[in-house]
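By written order: A, B and C. Residues from 1 in each chain.
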Amino acid sequence: MIEIQNVRKSFGDLEVLKGIDLTVQKGEVVTVIGGSGSGKSTLLTCINGLEPIDSGRITIDGTEVHAKSTNLNKLRRKVGIVFQQWNAFPHLTVLENVTLAPRKVLGMAKAEAEAIAEKQLRHVGLGDKLTTYPSRLSGGQQQRMAIARALAMSPDYMLFDEVTSALDPQLVGEVLETLKMLAEEGMTMICVTHEMGFARDVSNRVAFFHQGIMAEIGAPDQLFNDPQHPETQKFLANVR
Amino acid sequence: MFDTALTANDLVFLAKGAGITILVTAISVVIGTLLGILFGVIRVQLGPVLAAPLTFFLDIFRSVPLLIQLVLGNAFVGMVLQLQISGFTVACIVLSLYTSAYCAEIVRGGIDAVPEITRRAARSLGLTWGQDMRYIVLPLATRVALPSWIGLALGVMKDSALVYVVQVTELLKSTQILITRLQEPLFLLLICGAFYFVISFPLARFGGYLEKRWSND
Amino acid sequence: MFDYTFQWKQAFNRLPQMLDGAVVTMEIAILSMVLGILLAILLTVFRLSGSRPLMAFATTWVEIARNTPALFQIYMAHFGVASFGIHFSPFVSILIGITFNNAGYLTENFRGALKAIPDTQGRAGRSLGLTQLQSFRYIILPQMLRISFLPMTNQMVWAILMTSLGVTVGMNSDLYGVTQDLNALTFRTFELFALAAVIFYLITKTITLGGRLIAARLFRY
């Protein structure tokens, strides 16, 4: 369970998170929508401790992320994250990209790590690209590789930060399919996205962020068909 | 801090050495830069094939230790040509050619950095080759080349420490002479090193600043 | 005008000795590069460490290496340390001097290379649970070394050229030292040093061209 309680976060004078409360249960898929600058991506980087927070608390299975005593490297094994920019390691092959963390962080033997990596890469449809360098992959393939790379750590939670935003339109579908597959397998996920169709189809709950505040959260049917908050109504009217 | 036998006369001796260092550097950088611009433009105009002999000639100065260039220059002038030329002159000639070889590379890099399309635009406006060079290529190329050129000039100053081999008593040689006499190597070397540093460091920083500012445009 | 008769045969007779010297020159250059690269990596870690004393140490090293003559640095390693009662052999002094210089310039090259690696690379490593040091070791460092490969071959050429300065601290087994000793025996200054120049030229060209060939392979990804 991920519990976010009254989290505030500023960059300089700009307060990007103004007291966020959100609880995500095991097995749940929560998507976060909202305009740019609404703070939704920042929330994800706070959840896995890449960004410090100013006040409030975030706990993952009872462990407080921003407590001094918390071993972040250990915690991050539980929480995979995939960014908008796919961040392939260009000097490593696809297989090496995926085996790096299991070997160096979990201390797995090479053969074992490769078996897991191969399984994950086949899972996301890259079984035939193991010895390829990332520069030879399309953006969609690189993004799927990044997903496999995170999955190879067997995380309990996955965070997706606008993973299709930097892709050419014709490549978006293959990545969304991969996310859908993960959701169906019961992975606990928080997805920040601009893909409304995806949010509607896949999520258990959809949250709408506006200027650092979670204006509204609800089941997809309710939020898309009967939005309560005026800003949600405005936002949805514009994206349709 | 230091209990030293260094006298005022010795300091004058060091200052003279520093003067020689600066003089050799200044002469070589001025002549070397003029030659380097000439060589660089010739190389670009002729193209890689026709300019190959010049490229090869200049490359020698960047591939052979400066110490050997100086010894060879001295031997060539003195033993082969049997001319009575001072070591100072030999030092300036060799260092000028040495400088020109590096400068030609910088000039070529600067000209290459001016996009072909910009030059074609200039020529299509009816500018002559000379006008194109003067008003378009030179100002743009200078921006690319100036930071590297500052680095080159400072490099020549540091490399001028090697002209001792043709009997020119520049700063480092003067320091060494005093070391032999006073037996205070560390103290004397620190004075000498500080001199180079005080000239080189601010100019190198200035070059870095220019590079940064112009690359942001 | 040319009263001088070249006696190339005299120089060529000494070629075996000079080639032995060239081997020593290569040894010094290669050793100083290996040590220089290791030290430059360490100095780069210092620069990234965020610790003020370590950063100041690295910066001081780099600035002294870049803003004083290489010959001065070699003198410091030989005559300078004598003030502390330390006496290095010519070989050790020249090795220290060139290594110091290499490390300084390479650290600066590494800094440029780091700028070319996006911040997101380290971030991606961290988000996989790698520690900061692991992230540097497995993700940043390999990319940094590849980007710096050509500057490193340039520095290798400089290292070769700098070995000639060993003669100033009494080195006589390297190519320049051997040539100078032969010159004292035969007085065929021009011929001997011209031959040495050719050997130096061939060595540095081999490094430059070899470096380009290897780089073309390294940058395949």
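Just so we're on the same page, contacts are C-beta pairs under 8 Å (C-beta built on N, C-alpha and C of every residue); 3 or more make two chains touch, one makes a residue touch a chain.
Going by UniProt, the chains are A = Amino acid ABC transporter ATP-binding protein, PAAT family; B = Amino acid ABC transporter membrane protein 2, PAAT family; C = Amino acid ABC transporter membrane protein 1, PAAT family.
Everything quoted here is computed from the prediction, not taken from an experiment.
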| So which chain is the furthest away from chain C, centre to centre on CA atoms? | A
| query | Using the mean of all protein Cα atoms as the middle point, what chain has its own Cα mean nearest that point? | reply | C
| said: Centroid from C-alpha atoms only, then distance chain B to chain C, rounded to Å. What do you get? | reply: 20
| task | Find the geometric centre of each of chain A and chain B from their Cα atoms only, then give the gap between the two centres in Å, rounded to an integer. | result | 55
| note | Between chain A and chain C, the Cα-mean centres are separated in Å by 46
| Multi-chain contacts in chain A: which residues touch at least two other chains? | none
| query | What residues on chain A touch chain C, complex-wise? | reply | 48, 50, 73-74, 76-77, 80-81, 83, 85, 87, 89-91, 100-101, 104-105, 133-135, 146, 149-150, 153
| field | Complex contacts: residues of chain B adjacent to chain C | value | 60, 63-69, 71-72, 75-76, 79-82, 154, 158-159, 161-162, 172, 176, 179, 184-187, 189-190, 192-193, 196-197, 200-201, 204
| field | Touching residues on chain C, where the partner in the complex is chain A | value | 118, 120-121, 123-131, 134, 138-139, 142-143, 146, 220-221
| query | In the complex formed with chain B, which residues of chain C make contact? | reply | 1-4, 63-64, 66-72, 75-76, 79-84, 157, 161-165, 167, 176, 189-190, 193-194, 196-197, 200-201, 204-205
